[in-house]
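Next up: the structures, one after another.
Here come two complexes built around subunit A, the first alongside subunit B, the second alongside subunit C.
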Partner chain A sequence: MANLELIDICKGFAEPVIDRLSLTVEKGEFFVVVGPSGIGKTTLLRCVAGLESLDAGRVVIDGKDLTRVPPYQRKVAMTFESYALYPHLTVFDNIASPLKARGLPKAEIAQRVGEVARLLRIDQLLGRRPHEVSGGQKQRTALGRTLVAKPDVFLLDEPISHLDAKIRHELRRQFHELEELRQVATIYVTHDYAEALSLGDRVGVMGPGGLQQIGPPREVFDRPGTLFVARHLGQPSINAFDGVLEENGGGLQVRSETGFALPVAQAHAGRLRDRNEREITVGIRPQFIDVVDAGVAADGRFLFDARVDLHEALGANGVLIAKADGQSLSVITSTSAAFEPDEPVRLAVDPNRFHYFSADLGHNVLL
Partner chain B sequence: MGKHNLQLTRRLLLAFLAVWLVFTLFPLYFMLVTSLKPVDEINRMVPTFWPETMQVGNYAGIFADPGSLQSIVDSLIVSSANTVLSLFLGTLAGYALARYLRGPVGENLAFFILSQRMFPPVAILIPMFFLFDATPWGADSHISLIILYLVFNMPLATWLMMVFFRDTPRELEEAAYLDGYRPFRAFFKVTLPLVFPGMISVAMLCWIFAWNEYLFANILTGTSVKTFPVHIPTFTQGSQTLWNLVMAFSLVAMLPPVILFIVLRRYMVRGLSLGVVKG
Partner chain C sequence: MTTTEPTQAPAQRVINGRASRIDPKDYPDWFKAKRRGGSLIVHPLVPAVMVGLPILVIVAIVIYPTIWMFYHAFHDTNMMSLFSGDWAAVGFDNFGLVLSSDRFLSSIERLGIYLLFGACLQVLLGTALALLLYEGIRNNLARTIILILLVLPMMLPPSIVGVLWKFLLQANNGAINHLLINIGVMEATARIEWLDSGLSLWSLVLADTWQWTALPLLIVYSGRVSLPPAVYEAARVDGASSWRVLSRITLPMLREIIAIAFIIRFMDAYKFVDKVYVMTSGGPAESSELPVFVAFQKGIREFQIGEAAAYAILIFLFAAILVTLFLQYLKRVLRAQQTQ
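Showing the complex of A and B:
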């Protein structure tokens, strides 16, 4: 049974933010919404929670239409990006708040808060106030407040993005393991694509107006429906440039304004010829461009020369920015690689890995 | 060099504080000394800085007049009732302005409310007398002063509470809604405790204004109700003012606000710094 259904919801303030968004999140599903800051992710959660009234559309939870039901009567729990912990109450009282609202007996409140606190490993902090605990502990307190309520729907707004990397990793693992989160419908909002791909059973990429693509993480990453989606998932961002398609001795090639030309793979050529459009946007993910030694065999790949602009060594890998015929490209390199500015490099790409997007609307023309 | 400068600054600051203390404490000292002098000593051309004859009986003397104690009681009734009313209305109005009336309408309304504190009070003195005189309870009553002081205290309370409410994040209330609290309960559970120190500060400011007010109390009341500032001028004997009794009574009248300040000092400081330290 579907747990949460959003049907054609619309919400705007001065400008429309969400335009006819429909989404079904199944019971037990962990749905991640990813998108750039300010695109309306939080607004979407607030609409589900009932903190914003919809301009149009319906919110249905467990088959019941809750569109006009106020937030305190929906069984929806939400963590806020700011945590929104009550500063004058202890960690215990913060977590106990939803239970107190329902007037449960004291003994049961103490027991359930204790369970949740142990689960989140904050049981030694119950007597402290929010300003006396660390960021990660605040976050877990906020999470505890939502878990203890046993709601029908969990809404998590950027729950770990403001924490430092180490705690972020630990909490990310906790999200994987928390059984409670896996029993109800959860919408998790983040701007971090890695978090989205790691956590989501399904991922929705939010762009202007609503969700641009919904699917399993792997699919959304490998088969981006639009240039926007392709650009948003991946760090460094996908290499994308506008070009024109032209015949080149039996094969098809795409040439950028600066004159940088790449061959089109046989598998793609038919589809691109059928479109009868010369203008196109090519997308190549930085991890699919390799730095190769001079004299290496092409082996089905296309080889070309470039010059180093900048190389950032990041530890686990490096990011090389190189220019080929005036076209700047990002390349992910190995740990040991080192480059000097202006050094010539030879790069290899597999044309079968290219994405093609329509020049006007940015739709993936291969899908 | 830097260290010397710091010490010099420190010394100058201490010197300034010393002078400032003399200016603030001397009047109090002189009140106390005067309140302990007999009548013939208070009018000497070269005043004595310590009573030649100590007359502690002045304090008993002021309460020989039953009107003295009654005036303190009247003042307590008027100040306290007015404070409760100002705080109650100011909190509700401030909350509404902070949460529901943002934008140009709210800003202008808030400023309009505050602006009522800016005109010279004496401008409405006479109209107010006739207005309250026409009410069933008349001008010379507790209730007339309690309502009249709202003119001054409610704008202050509303404005300050609005600022305090604006500084409490709305998300806290929203989190309470999602916990299952209705708006009214969420307000009491989350928002009110956060502005409580602010409310104490506002209460103090309102109470002290009402406690010390003389002009309106003198015109509107004076027979059946007489607050202590109106009672003070009655300490005269023939053509001479009994300054020793005036000072003794004034010192007694200073006690309630001083006690309040000491008891609520903790909240006062926190309230006035609300918004500076958030969360």
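Showing the complex of A and C:
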């Protein structure tokens, strides 16, 4: 049974933020909403929680329409980006607060808080106040407060984004392993695409107005529905530039405004010819451009020359910014590579890896 | 290869051992002195004069009179001996005199009533109004207008408020009695003697509360405004009732703010002389005298300098103890919330 359904929900403040968004999150599913800051991800969660009233649409949980039902009757638990812990209460009392609000007997509260605290490994900290524990422990306290309530729907708002990388990794693993989260529908909001791809059973990429694409992480990454989605997932961001399609000796090629030309793969050419539109936006992920030695064979790839603008060595890999015929491209390089500015490099791309987006609306024209 | 002009680092000079951004050349002449090496420094007398003058003023108007007061508290100084200069040391006699006088003890009792039903009630009322205003009125403009109206009385000079309420509370032709008659609470021939012995202290408390409730209101209101909204949303999701939110979240988080409101009102309470002087002059028959007013009467009216000094010291001690207790509490609360 579907656990959470959002049907055509609309919400705006001065201007519309969410426009006719529909989404179904199954019981046991971990759904991640990813998108840039200020796009309305938190607003979406607040609408589900009932903290914002909808302008239109319905929120249905377990088949019951809860659109007009106040937050506490929705059996929804939400963590806040700022954790929203009660500063004057201990970790125990913070976790216990939803149970106390329901007036449960003391013994049961103690037992359930104890269970959750052990699960999250904060049972040593129950007597402390929020300011006496670390950021990761605060986060786990906030998470504990939602877990203890045994809700039908979990809403997690950037739960680990503000923590340092190491704790983030640890908590990410914890999210994978938490059995409790596998019993209910979870919506997890983040701006970090890596977090989204790693955690989500399905991922929704939020753009202006709502979710631009929903799908399994792999699919959203490999087959972005729009330029916006392609741009938001991946670091460094996908290389995208406007160009025009031209016939070139039997094949099709795309030429950028600066004059940089790339061949179109045979598999794509038919679709692009059918569209009868010359203007197009090409997208190439930085990891699909390789730096090759001067004499290397093409082997189905397209080889071209470029000049180094900048090279950042990042430890696990490097990011090379190079210019080919005036067109700037990011390339992910191996660790050992070293480049000097203005140095000539030879680059190879597989045209089958290209994405094409319509120049006006940004839709992926190959899908 | 182009070379850029080396940028001038911002001048960081050391003058008299301290970092300074001011060029000594820009000092006024009287400010300057030359060191033997030839470098300019601030004239050594300048800091001495700049700090010394205010110290002199403070010594003259605060420290000297305080010492004078402590000295005379242990002497039998009165108008006669003050001018002849032949006062005698009497040890703790003045304190004995004060502590055994009914006038002082009953004034302390009245101070207790005033603290409890004046200052405390003002803080509680102000807190209630502040939270009611914040939670109950959602329209920002309406909220601001109400806030301004509530704060207006505080902007009047206390003595003027005293005069105002003295008129309002007149037994004959006073507006309050008229009002009570007109709304039918009281018979047309009846009179409430607001400023008579039974009620005079309560009338003072009433006028003072009218004026000063706005102060704790403002303090608590601004405290409530700055509480994090996310905490309240978490409480809404948890399903906490309004009463629970108030008693378990709002009030505990406003603890130190409310404590500060108490401290400010309590410190003011010891200075509560203005309205007493204007409205009742401590009367009738000393029935609305508060300790400071008695001390004032003793010293300025009756010229019993020694006794008045003893009064002042006792009041000071009393106030110091109470405020210290509050500050201790505040310190404890703040320590519990540090490093957030």
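In this text, the second predicted complex is superposed on the first by the 367 of 367 C-alpha atoms of A that agree within 3 Å, B and C clash if a C-alpha of one lies under 4 Å from a C-alpha of the other, contacts with A are read in each partner's own complex, and residues count from 1 in each chain.
Just so it is clear, a contact is a pair of C-beta atoms (placed from the backbone, for glycine too) under 8 Å apart; a residue touches a chain by one contact, two chains touch by 3 or more.
Here the structure is a predicted model, which means the values were calculated and not measured.
With subunit A as the common reference, subunit B cannot sit beside subunit C without a clash. Once the two complexes are overlaid on the shared chain, A:Leu156 sits clear of subunit B and of subunit C alike.
Within the superposed three-chain model, A:Leu21 lies out of touch with both subunit B and subunit C [touch as defined at top]. When both complexes are overlaid on chain A, the residue A:Ile39 reaches neither subunit B nor subunit C. Greater residue coverage of subunit A by touch, when subunit B is weighed against subunit C, goes to C.
Judged by the touch definition given at the top, the superposed model places A:Val264 against neither subunit B nor subunit C.
Of the two partner chains, both subunit B and subunit C are touched by A:Pro98. After overlaying the two complexes on the shared chain, residue contacts for A:Tyr86 are found with subunit B and with subunit C alike. Looking at the shared chain after the overlay, A:Leu54 reaches neither subunit B nor subunit C. Overlap of the subunit B and subunit C interfaces on subunit A: residues 49-51, 70-72, 76-78, 80, 82, 84-88, 97-98, 101-102, 130-131, 145, 149. Every residue of subunit C that touches subunit A in the complex is listed here, in rising order: 228, 230-231, 233-241, 244, 248-249, 252-253, 255, 336-340. Of all residues in subunit A, those touching subunit B in their complex are 49-51, 70-72, 76-78, 80, 82, 84-88, 97-98, 101-102, 130-131, 145, 149.
Within the complex formed with subunit C, the residues of subunit A that make contact are 46, 49-51, 70-73, 76-78, 80-89, 97-98, 100-102, 129-131, 145, 149. The residues of subunit B lying in touch with subunit A in their complex are 169, 171-172, 174-183, 185-186, 189-190, 193-194, 279.
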